[in-house]
Each structure stands twice: as structure tokens, then as C-alpha cells.
Amino acid sequence: MSLQSIIDDIAAEVAPLVGQGKVADYIPALACVDPCQFGMAIYTKDGQIYQTGDAQTSFSIQSISKVLGLTLAIDHHGRQLWTRVGLEPSGDPFNSLVQLEFERGVPRNPLINAGAILVADTLLEAYDEPLEQLLSFIEQQTGSEPTIDSDVAESEKATGFRNEAMASLMKSFGNLQHPVDQVLDVYFKQCSIVSTCVQLAQTFGFLACDGCQPVSGHQVVTSRRARRINALMLTCGTYDRAGEFAFEVGLPAKSGVGGGIVAIVPNQMAICAWSPALGESGNSVAATEALRLFTQRTGLSIF
Amino acid sequence: MSLQSIIDDIAAEVAPLVGQGKVADYIPALACVDPCQFGMAIYTKDGQIYQTGDAQTSFSIQSISKVLGLTLAIDHHGRQLWTRVGLEPSGDPFNSLVQLEFERGVPRNPLINAGAILVADTLLEAYDEPLEQLLSFIEQQTGSEPTIDSDVAESEKATGFRNEAMASLMKSFGNLQHPVDQVLDVYFKQCSIVSTCVQLAQTFGFLACDGCQPVSGHQVVTSRRARRINALMLTCGTYDRAGEFAFEVGLPAKSGVGGGIVAIVPNQMAICAWSPALGESGNSVAATEALRLFTQRTGLSIF
Amino acid sequence: MSLQSIIDDIAAEVAPLVGQGKVADYIPALACVDPCQFGMAIYTKDGQIYQTGDAQTSFSIQSISKVLGLTLAIDHHGRQLWTRVGLEPSGDPFNSLVQLEFERGVPRNPLINAGAILVADTLLEAYDEPLEQLLSFIEQQTGSEPTIDSDVAESEKATGFRNEAMASLMKSFGNLQHPVDQVLDVYFKQCSIVSTCVQLAQTFGFLACDGCQPVSGHQVVTSRRARRINALMLTCGTYDRAGEFAFEVGLPAKSGVGGGIVAIVPNQMAICAWSPALGESGNSVAATEALRLFTQRTGLSIF
Amino acid sequence: MSLQSIIDDIAAEVAPLVGQGKVADYIPALACVDPCQFGMAIYTKDGQIYQTGDAQTSFSIQSISKVLGLTLAIDHHGRQLWTRVGLEPSGDPFNSLVQLEFERGVPRNPLINAGAILVADTLLEAYDEPLEQLLSFIEQQTGSEPTIDSDVAESEKATGFRNEAMASLMKSFGNLQHPVDQVLDVYFKQCSIVSTCVQLAQTFGFLACDGCQPVSGHQVVTSRRARRINALMLTCGTYDRAGEFAFEVGLPAKSGVGGGIVAIVPNQMAICAWSPALGESGNSVAATEALRLFTQRTGLSIF
């Protein structure tokens, strides 16, 4: 059975779930997204694209951007990064300050909010224009220039008091080098990047190819780093449901409250599924189920 | 034995402790205070002043200002205040974010940092110029106009990331009405008020007289509110050592990292002891011991 | 107005509250107590007894026994006791394991469950028959021999898994000297002592007389220790409502889930109020209100 | 390069690390193990055994037994199991009571102590003689009857107060069906099974073959369950270092304080490495490094 047939079947099968759950509503720009959309795209090692449903519709990538930030930060700082951010699952809801305080301002991992804010701080050390760097990274992988939804970015800033609290706490422990406002500006803007399933599958193709861009073979990060990013996504990529996601889906993945989830089948393909309505854990209901069906059908779980 | 002899004896007895501990050093303006100072003053119900040592030397009142803020807030908001801040000892170090997060942005009590920041927010609702109100309150009790050490206020702001974190967290829970910066401006400035042992004993005389100013008899707060402020000081006034302080000293009290401690003997007198060097808990070593000796000698513990 | 009139008035006034709340129902022997009972007794410094309502009805003293255990332990171990148990309010619900783990098996104070279990362990060091000692202590103060409700003791044991958990945890940190079962046997039995308002007011008379038994003048504990026990009751005696209780009532007190509350007016009298139905905090609704009215009417708050 | 050469090389390479760290010393029977031992064995999908060093020396399997208990429990209870134990990484040290209390007696996952105790309780429901069942399971996979080190079991019981605390806490929340003593008896004994690297690699061969025993093809658990057990090992199998282990080694694995680590290369082989001296996290230093070198050399990381 072809990949195209498989994802078309999955799209049909998850249709009853599409719209189930709740669209992120903490900012207006996200709350008004039509929940009844679903898209899925696959980008294979040899450069093939498969897509179904709303795979070319733009959405807010939100926390998926954390993997991008992490990729640039690892590439620049190497092992030094791990003196300022941990490698362990958080075991707590994704925005908890408790752990951050107990662990003296060192975030558990780079894929929770606090960790991604810390990573943004390291990007300000590494690059003059970290946001340009992130956008240009996506453009290199997809061939098209992504945009930032400035309404979303503004709203994030206007309501992001908890992120401010975490940044201030890290600053109080001396783990943030730049002013809180400057770091959060990078963070809120990277979360506000808009993209599509097809573009995101392309963007993360290097994680399915030992760090190389499919087709061009350009080495984006070393093979070892690509594997490590995948390991982090597996253990920390889906908020406080990483265990269940590994158990049910069995792929490294990163979700965002915009409803997108990027998943990696090492050595084979990058996948992006998207549907805006979220379950309690903050992961898209229909996109999670689509990925679960995918590994069930194809046997491509890494386990 | 007269009160004057008692406090003179105490001053002699604590002399070996003066300078023991560590002056607060998180901001330069506090770090450079000479630790080898000690003062003590008593203001009795009938308006007598007793003083010993450096009782007329100015120091930064710091957290003692929390009782002033609380007094004005209770006076204006009454019972409504307790929907936004609790009445219970914190059981944790005085600046913990953990509890604030678990308890959804409602600080444990108005005498820890988070609670005093919340109180500052309520003062912004109550008064056009809350800081003027605080200064004028002191002036009414002492007859002289207090000052604010603007160096201290600036330094507090420049390093107060943890207070920023708490304010942002309360804001994220919707428990702060005004912008974080505006609230912190009041808070940092009230902490930077400078005063002396004599003035502070006078300022808090109303808490030793059922809410009335000694001598003039002016009703500052109702009798019931005065008792409640005393109760809060007993259970929450000395950071995470309130239990030990009640156990060893046995008086309602509020300490500050400037080294001052105000204590109340209900229906009799207000006391202020001061010495800059602090113990591990953030309370002045010599001032605590002076108050312990005072209740031991006079039998004036409330227990 | 005489004390007798005051407590009769209070009994009339709290009548509508009697039965409001919920009788402790975790064990059958407590669950079947008639909630519509209320009693109050006062024992003054000069040996007068005042009583109203069901002041001579027997009830399970439960956590009030913690003050008895503490009294014997302080008397035997002195300051050494405070190396194994703290002096600070817990800031958390009364049976929390969290704090006990963070603080490495040292309970916050002797009036929470963990602390009272630790105290029971120290009594096993101090006395061959600690339970006999506790009973005989009560007999010395009241002139009559108290009993233990063995049904209650058995039920406590059969359902006390959380207390077992705390004892095991303290044992794991090396802070318990005797086998868990033996310590819990003392603890569960002391909680199962039955007594009346009149007897309990008599039992705790020494805390209102600088450590001396009223009338006889027998020194039960030193004056300093009596004050310290009062201080502990004020800051830690009413579960996680100690702040509110100090604020509303203003007396050192210890409550039990049997519905009794003992309160002390230093240098004047011991009071016991009782009504079985409890509020959310585990303190009797009607007994708390009776004590609140008492200090409001008499002005006898310590603040 | 052959697997045999690879593991021989690894044994040579980790030799300087063997003995580094600290042998588990909380019970005498473990403390007296010679730290300077190292063994490694591989059992492939087609039934080949490769071994090096002390691969046939017996050691205490300790927490590795949790995977055995889990396998039997999943096999008997299916999805029902997940109503009583979670699937998420704990994010806290492996024996924390804090999380267990916050989450109302439901352990985070079956591979931490609390979870394995809960699993033991479910085995008592499922089987008349759960321990016999566990031993017979191993015998079926290895052809030889394992033994239990009764000295170790006795010592575990005599010092296992923290495990008692966790069991009592789960009992207090109603999540344990059998008496604490009975459950802990199973748990302590299963931890005290002794085995060798070769036998453990054989025992867990089914996890490398979609749930089937290599060679015989006997279906031990369904393919889906085998994958899920692997997913749990990846996210939760190495105490609070699961993230780092995934990051550095990249294989599902379960470690024990006896110094053994079992790892699975899905669809290819089960591996057991063993060396008694542990790092801070409770995982064997040399065995962890051996597995890290293995995936580095072979490229067999699942990521």
C-alpha cells in the first residue's frame, strides 16, 4: 500500500475526530482558527512529498519552533548548551515554575517553555539577528520564505506573563544573559512563525536523514546531533504526555498549540500532521490520532 | 527595674553579637552599611520614648514597610482584601514561587514578598499616589517626614528579577490589576524608605493601643484590625522563622533585611530593635536576641 | 457580665451552626457521633470551672492529645527534642508527606501528624509505658482516670496507611528509633483517649498558669516551656488554618477531628469548646465560632 | 566487524571505568560485591549469543525485574493496568513520594519503585503465586531455573522503609488491593532474583522480536505490547536520567542498582551489560558507557 493511500485513509479515518477538543484560546488570533481542518504531509529521505487534506494551509507553528531554536543553538554552542539547560523530561505541566525554582533556574529541557526561552537567550549570543537566522533556516530547507504573524506575536507578548515570570526567575538565578524583554521578543516571534504541513515536513527532513538535507545532501547538523535532537523530541516533545505519545505512537515528535505535530521516522521520513483542536495535554487530538494510525499501519514505530 | 535600665542592659549584653551574621549584600547600597551598629527604642502607650545605642540612626526599613502597606490596604479594602491574599504562614522561604504557583497566584499572606506586591497593587486602586500616602502615614505618626533612598530603590529594581517573576505570575493568574512595572515601582520604593528605631517605634504605636495613636488617641485603624495585624505579624512576620520567633520571643513582629525588627506588646508598647547583620533566615541576629532578652526579663511575652 | 453568662450566650448564639459541617467519617466509630452536640468549659487560674451545654459529654480527643505528648516530651528531652522536630508552621495540609520528604524526615512541628508520631517515638525512649504516662498525666490534672476507646484505636490502625507512610519515611531517614508498629501503637492509642470539655479544660490549666497546676500550684513544666507550648499552639495548632485562627480568634489553641478545641488565655484560663461537625480545614465549625465570639466579647485575644 | 569483536573492543575500552563509581551499599549483601567486574552479552533475533568478560557471573537483577513484572501484568490485565499506574517519566528521583502524593497514589509509571510495587499488587490479583510465575517466565526464556538471593530479600525488607512508605501511601489512596506486607514481599523477592548477562539477554529477547521468543517463535506478548514496553523503557527505564540515556545511548533500557542494564535494539537483539559500580543516578557507570559505545560503533541507536 502506498504512503499516499495510507495518509488518505488516515485522513478519512480521523475525520470524526477533527474539531474534537478545544482550539487554543488564550490569544484572539489563535482562538478564531476554524477547528474543522486537518492536514498531513510526509517528506521522505529521497525527497518525495506526500500530502492530504489541508496540508498547504498556513498555521501558527508555536512550540514546534523550539526544535528550530534548539537546532541552531546546538549547532553553535555544542556541548556547552547543556550546562544551562537539562536533558530530562519535566514530569510536570509544560509551563511549571515549580521545577524551575527547585532546579535553580536551569530548565529541565529545551523543549519546554522555560528551556526554549533559555535557548533564545543563547541564540542572542550566537547571532546578531537570531530571528532572521531562524527564518533563513526554514527558507533553506523549504525554498520559500516564511512569515511571522505579528498579531500573534503581539498577543503573545501582551498575555505572556507566565513566560515573563519564568524568564525573570532564570534571570534571578543568573542563567539568562540578555534582558528579559529582548529574550522574550525572540521567543514570542519564533512561536508566531506561520507555516504549512508540507513546509514543516520539509524543514525537519534533516532529522530523518542523519542530519543531512534530503536530496541536496547538505549537512545541516552532524549525524550525532540529529539523533540527539530526535531523542529529546521522544522524551520531551509532547508536553507532559511524552510517555503516552511514545507508548501510543512511538516516534520522536514535537507538538504546538497551533495544532501541528512534527514527527520523525529516523532514516526514512519527516511527517507533519495538523488539526487545530487540542486535547487536555495541549496536543492536537486528530493529529495525534493520525500519527498513531500511521505507525500502526506502517509498523514504523521506532520500538 | 526601669525600661531604660532594661534596654541599656540588653544593649550591653548583645554587644558581642553585634556584627555577627551577614549584612544583606544583594544590592550595593545595603552591602556597605557598617554592621557594627545596634539601636533599640520603645514607644509606650502613654507616649514615653525609651532609647539606647544607635536608636536615631537611619536605616533602610525594607520589609517592615509591608506592615504599613497592609495597614493602608486593610483600612481601605476591609475584608475584600482577603479574597486576593491569604492569612496563612508560608512554610517556605520568603520569596518562593512554588507556593504561589500551586495556589494559583494568591499569595499566602501579605507579609511575604508576593503578598506585599499584591498589596501594592491594591494600594494603586485605593489611592492616586500610594507612595505619598505611605510617607504621609509615617509623618502623621512621627511628626517628621521620612525619605526614600533612591539609590536603594534603583538597585532593588535593577536586581529584583525574582519579584518580577512573582508579579508576572500573579498577573498571569489575573490577580494583579495594574501593570507589573507600576506595581513594582511602588513596592521597591516603599522598601527603600529610611527611618530610625525611634521613628519606627512611634510609627507602629497604634498597634500597641487598640488601633489608636498613643497620646493623641487618634483612631488609626479599628481595634479589631489592629489585633489582626498583630496576629499576622506573629504568624507570618519573620520570614520562615515565625514559629521559632514566636517560640523564643513571643511577640508579634516584622523584620526587614535592613536589620530592623518592629515588635508589639499589645496594650503596652511598640519596640524597634536594629542591627544590620543578618542570620540565615534574614532576620537580624542581634536585634532578635535583644527582643528575646526583653521578653525574658520583662515577662511581656504574649504567651 | 460573668463568664457563665458569656458562655451561655455564646452557646445560644452558635446553636444555628451546631451540626453544620461534616463529622469525621474516615472511621466508623467517629462517623456515628451525633453532630448536634455542643459543649464549652472554662477552667480559671484560681480553679473555677464554668460550663455550658454538653460540657460533660465524652468525645474522642484525637489531635488534642498531641499537646499532651509534646508536654511530656519537652519535659523529658528539653532542647534535644528540637533536633528531631521543627518549630515552624507547616503551610501545607496537616498530613502532607511532601514537606516531610523535602525536609529529610524532620517534621515541621510537633502538632502535625508526622511530628506527633516523632514525639511518640521520643516518649518510647523516655518512658517504659508512654501511654500509661499520658493517662496518668491527665488523671493528675483532673482527678479522674481517662479511658481509651479501643474501637477507635483499632479503626485508626486499620485505616492509618498515611500515618504509616509518614512513619516509614521518617524511619527511612533514620529519625525514628523504634519500630514503626510500636510507635504507631502509642500514637493511635493516644488519639483514641476520650474526655470531656470540663476535663480537657482542667488538663490544660497549667498552660494558663505559667506551667503550674491551678489551685495546687504544682509545677507541671517550667514557665518558659509553658509559654513555648502556647506559642507552638498559636502558630501550628489548627492544621493549615493557624493563621486564620490567630487572626479571627487570637488565642493559642489545638483542635482535633473529634470536634474539640482547647484554647489558652495566658495567665487567666484554659477553655475547651466541642462540637463534632468539622469545616473543610478539619476544625469544628461551631467550636471555632464559639471561641471567636469569646475573644470578641471578652477582649481576651492575646493580640 | 563482527558483534563479537565489537563487544570485545568495548570491554577493553571501558576497562579503565570498571570500578569507578560506588557499589550500592544500602544493604550488606550488595555492598560486598567486587566492583571490578564487567560483563556484556547479546542475544540476537536469530538466537545467536555473543558474550564478553564476566557475562556468566551471577548478580542481583534488582530493578530490571520491574520489566518482568510489567510484562506479566500487561499480559494479564491489558489496558486496565493503566487506570492504576501512569505512563509518564517521573521527572524526579526514582523513589520520590512527593509526586505520588500529588497524584493521589497513582505512580507515574511502572518502572519506578512505586509503580513496580503497584504492579506487584496487580500480580497478586492475577496469579496465585506471582513469584513462581516470574521465575517460571525466566526459565521459559533461558532454559534454566533462576534463584532468589534470600539474604538480599531479607535485607531489602529490613531497610525498605521508603518502599513501605510508598506502599502505605498508595494503600491510603485505595490504589493497593492487598496488604502492604504481602505486596512488598513479592516486590522485595523479585528484586532479589540473581541472574547473569547471558540469561538476561535471553530473558528479554522477546522485546527485540515483536514479542516472540527468538528461535522458538513463541509469542510471549503481542507485538504491540512489546513495542509499548520498549517505549516505557526508553522514557522511564533509567531513573531520573532517562533523557540523558536516550540522548547518549539511544536504546530502550532498564537498569538496576545491582549494576546491570538491559537494552533492546528493536527487531535485532537484546543486550545486557553489567558492572557493579554506580554513578550518581544509580546507573552502572561502565555498563552505561559500554552501551553508549555500542550504539556509537554500530549506528544501532533507534534515533
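Letters are used for the chains, namely A, B, C and D, taken in the order the chains are written, and counting of residues starts over at 1 for each.
In the analysis below, contacts are C-beta pairs under 8 Å (C-beta built on N, C-alpha and C of every residue); 3 or more make two chains touch, one makes a residue touch a chain.
Keep in mind the model is a prediction, meaning the values are calculated, not measured.
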> What is the set of chains touching both chain B and chain C?
Replying inline: none
> Among A-B, C-D or A-D, which chain pair copies the contacts of B-C, with over half of them the same by residue number?
Replying inline: A-D
> Are the two sides of the chain A and chain B contact the same residues or different ones, given that same means over half of the numbers occur on both copies?
Replying inline: same
> CA centre of chain A versus CA centre of chain C: separation in Å?
Replying inline: 55
> Using mean CA coordinates as chain centres, what's the chain A-chain B distance in Å?
Replying inline: 47
> When the centre of a chain is set as the mean of its C-alpha atoms, what distance in Å lies between chain A and chain D?
Replying inline: 32
> When you check every pair of chains, which ones turn out to touch?
Replying inline: A-B, A-D, B-C, C-D
> For chain D, which residues are in contact with chain C within the complex?
Replying inline: 96-98, 101-102, 161-162, 164-166, 168-169, 171-172, 180
> For the complex, which residues does chain A have touching chain D?
Replying inline: 86-92, 99, 108-109, 226-228, 230-232, 234-236, 240-244, 246-247, 250, 252, 266, 301-303
